[in-house]
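In the two complexes below, chain A is the common chain; its partner is chain B in one and chain C in the other.
So, the complex of A and B:
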């Protein structure tokens, strides 16, 4: 170790599969790169309520040096001055450049002209459908040219073919799904800092979304004993669900025999556009960390082209580097690769907005969820 | 000198013995309480320096609809659950106090809900409360077989009355619930109902499957109660909470029941007291201390109910299940926006004062407390 300097960077993130992923990333990319510089990294997973835990530890001064920042709540801790601006580090960096990252993702973590987080990956919603149900009913699969009405017709035919044994779409009663349709209809969440729920576009989307349920073409996952769309799909009682790439690992483990396909969300008949959310998580550096330089080095290694390539090829997430858009992985013929491609395309098709609501965070969504 | 020393020792001894407890009390309770009290007068958000805002937090709380909803939910919850769980606990204890073969098994079995983790039970109940869950299924069955059950019960009462009245006319002393007659009535009522059903005279009612939204709804029940109605998801939590707390209180009552001197009952029997008179004039007054304890613990527990709301989480709309304790948590960690520690602390102080007031009122009305040390 050079000059006996030894610094350990504490990385904090979610538990579950993230633990093994990040630990593998550390072993494969961080340790070989930084061992001779005297930097090591250790991952501290937070199994439950990551954001509450982070806020508490930031407040108490015990937070890690490098942490996950979900676009959904990042704005608040950035405004509270807890996240280190990265511009100076990026200027000096040889491996990490602002221009390497997909701009809409980077914008989501840029406030008042300063970059506070490097997006590690992203997700958007796709229409994931059960191929078998459509096959049995002799109905064409949903495709990217479908409008809302087309999709509704297809779902209605599937439901009819199964005499109501199967419903159409798993409808999570929350803004995180329904909002994509409001965006498709051309609704803006904030106009002059205010939210208008009486907007005709919002109403149109709302009526269509809730109308599916009234027509018997949709079901809330909770009503068939499932917590979310992915769980609902595994029951083979719904023809389709609206989920992101996070569903793929779940289906791999829980329904290995389910034949599924994915396509872009249907277009609004009026605007001719689909809508979507971008969900993204970035790496942020603790503004009060004593190890900021080392933390940045670790961040560089974690978001390096090699690391991101590895993540993509393992089908874990969709990386944030522009250069990976042409990756051969996306042309593979497996359902997972195809679904990942759809999620990748979803982030730039139609009216897409980041999944964040200014500093209001989740509070903004509550009245809308109901 | 020696005297003073020993009297000093005597005076300090209790404090020395208390010190382990006091240590924990001061650090984990007093310090936390005083800090909360201080924060409740500030706009603290965990990161910036707290600014003194006087009683603004308290005023703003009462302007906030979510808080008033939480307050109302908590009070409704506390009153209904405490009342019902006390009654059920007493009845169950009386039943468990009978000398029946195998009663120990039942005592253990009935105690199970209280020793099972509340988290696990809540998860199980969440399944049962689904729209296609067990509870709606049982309700559907009940409606389908309602007529059959009605006929059976009518026959049962009819036959029993007939038997008892005949005996009374003959001048024999007989109780209305004479066990041997009940057995006969049950057998006959069952046979008649079965025959009626077999001949198709009673049919299964054709009813639609019961489709009650237990969790994901803002509906208030009972619908005729107007402003006193409470959200149905809260009702679901009440059922769950009563079911899990009754056994604990049953144990307290059971201990109390076993402490009642038998001579009181014997004396009453000599004076010709009937079963319910013994219950009303001996059992209940003798259990007064226990009832005070049960109601107090019940009120404190229900006013601070948190875990079940937390676990049901997004399965039900927040407003339909929020209680004061959950409001405190939700304000301190509001998802993705700034923590409102000031507001949360103010709400916590109000919850503490409310609990104290209600317990004091209850103490005054039950006339308890004064003679507890006798």
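So, the complex of A and C:
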């Protein structure tokens, strides 16, 4: 740029499909918007363990100006003072307003009253089921009014109709799936800073979840040669799986003809509520960056309604802006759009908690998974 | 006399037996090793060809390796107007396809419903392309024609002919197809085996009828090349990565050969002050684990070797090939190998050369280097293999754009592209197999040098 101040904002995020998406966003929304202000952006994907890499580069002083912050470990780096609080910027901004963002998402990145990250998108769990199996067995599809018992009955009938050729639910043996049921039963992961696994609610959920396996209504994906619920679903050996919107791209490639539907997770019969996780990733600004103002401008462009609309229309992610909840995309008649809608709704139905465990991150889950 | 004879033959028999048990044991161990190492590789290679690499239970049966499908793929690609090995669907061409089903008793015989689907990609760059042209919008499906019916024991075996025409002016490189039949109808065979059977046998689905033989067999390998291309230059990333890895490996091999042979010769033959200290220093550097010097090396590169690069108009060496190459010009162990080798050569040769009037440099380049060919060969291979497989250091140094990655890091990025939450093992396996090939070929061709290299480094100290 002649004359103007030229600043290049380094954006750091995941590799893979995310790279394509962000680079496309930069070309489509950041560059046209900010070129005359002398701001450009470049995306630097981290192909390895993102969290470790980010923490290393933050301590080495080589981290980017703008980076992904997964809700899962955001608190850790925020507490370390590495993330710039955004309140001052937001107050001045004409494009980005706190009230535009879905509150529960924003809360997840708010600490001690300050906002540290603007959520870029989010995900939650849905019950994704194979319609064919239910059709052939003449069983009603699972729906959002089902309780655990209803779902169990339906699964049992499907299993019976196929003489055990298929099992009911793909049960991933991890907290990231099972936890949603514990929350549904009313379990709180932290009470006075401590975790109580002997809580009756936790026990109830645990017994139901593992009980499915014992009753032959569930199977671990690994037992049918698959790594996760989505893979299990493509084998048509399970009637349903618990996954988020990330399953959709996989089904496009690996089971283009699968007739699937999605619905909210079943309700706990006692509390009458479903449970769920919110998985979300936000944009954070490096507290030691020299380009903070430019970085914020880029952040504005990346989270603009136009950018989020573009992402939503491609079914790539579910946007964090409230206004997009009424987007016509969600009313489309394709299984993908409907599954996305369920994931969108899942984040506000019942006992929903962000997928984070204070500053403990993944360490908190380890003993529960093993 | 006779007893003695019996006795010796007994001993002979025992010796023979022992020998054979020994041979047996050795072969068994070799067999186990090869199954363990080569077996996994071969199974990986086989799985990378399959449509579902993680098919369970594991099987050796691979549709992509059946000659019947090769012929089918060849014929279909020729009909499409392209070559048989690399096909396409050209304007005005007609693809004709046969498929046989078994209709059990009690199920009405209706021809399959033919659908040319619009398939969106779910991963990688291609997932963003909603606006591309779909072959489905241009082709015409001719009504299905029944060409044969045989009555078998509990039903009917019915064959159909399916024709698809491309009446448009455009050429397409793919023609996906789905056939839909009623539930319980068994799919028996087709000109080309379907890539997957879905919906409990009701849908037979083909990714591309006109791919041609080679892309049909190596579809995952083609995905690796085709689905990953650079946003900035548009080049295929995988090709770029292979080139980068070759480039860095070759440069590092050259610098290693040059510096290791010069340093090794100097340490072995020349007399100069502090030689032994220098050697001890080199040995010492071999003994420090890489993890200890890792951070300081990183900082040195970050600051551009104490700011020296500023003299040449450069800045930080992070994220540059220069940084990657400079930080590994030569390894202490390479110097060590060369020193040991030169020490093993007879001094008399050098002395006679000296008498003939050769300078030190001439002796080194004309006499010693040619003699050191076996050691240089071993060093070449060891270094090449080492650099080719180097993972950690490039991962730290090279960050973006993806065009700069070496193959090892590129493969790691596949984890994000194809296995972040989802597990699409095909391209990952294919990429890994491709990246292992150069080393395997290198190893097979230069086996002897590998062994020699190992024995050089083990020579007395």
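Following the convention adopted for this analysis, the second predicted complex is superposed on the first by the 367 of 370 C-alpha atoms of A that agree within 3 Å, B and C clash if a C-alpha of one lies under 4 Å from a C-alpha of the other, contacts with A are read in each partner's own complex, and residues count from 1 in each chain.
Everything below uses one rule, namely that a residue touches a chain if its C-beta (ideal position, glycine included) is under 8 Å from a C-beta of that chain, and two chains touch if they have at least 3 such contacts.
Owing to the predicted nature of the structure, the values given are computational and were not obtained by experimental measurement.
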Next item on the list: Label the relationship between chain B and chain C on chain A in the superposed model as either fit or clash.
Entry: clash
Margin query: Output check: A:118 vs chain B and chain C. Expected answer is one of first, second, both, neither. What do you get?
Written below: neither
Next item on the list: May I ask you to decide whether A:86 touches chain B, chain C, both, or neither, giving the answer as first, second, both or neither?
Entry: neither
Next item on the list: Give one of first, second, both or neither to describe whether A:51 is in contact with chain B, with chain C, with both, or with none.
Entry: first
Next item on the list: Could you figure out whether chain B or chain C reaches more residues of chain A?
Entry: C
Note to self: With both complexes overlaid on chain A, does A:173 touch chain B (first), chain C (second), both or neither?
What the structure shows: first
Next item on the list: In the overlay, answer first, second, both or neither for which of chain B and chain C A:59 touches.
Entry: first
Checklist line | First, second, both or neither for A:248, with chain B first and chain C second | finding: second
Check: Looking at the overlay, what does A:225 touch: chain B (first), chain C (second), both, or neither?
Finding: both
Check: What stretch of chain C clashes with chain B when the complexes are fitted on chain A: 171-179, 279-287, 315-323 or 441-449?
Finding: 279-287
Check: Which parts of chain A are in contact with chain B and also with chain C?
Finding: 224-225
Notebook entry, point to check: Which of the residues in chain C end up touching chain A in this complex?
Noted result: 54-58, 117, 119-125, 127-128, 130, 178, 183, 196, 198-200, 202-203, 205, 231, 298-299, 302, 318, 395, 399-402, 405, 409, 412-418, 420-424
Check: What residues of chain A sit close enough to touch chain B in their complex?
Finding: 49, 51-52, 55-56, 58-59, 70, 72-73, 75-76, 80-82, 173-174, 220, 222-225, 356-357, 359-363, 366, 369-370
Notebook entry, point to check: Inside the complex, what are the residues of chain B that reach chain A?
Noted result: 45-48, 127, 130-133, 215-216, 218, 314-315, 317-319, 333-339
Next item on the list: Could you pull out which chain A residues touch chain C in their complex?
Entry: 14-21, 23-24, 42-48, 60, 62, 132-133, 136, 224-228, 230-231, 235-236, 244, 246-259, 313-314, 316
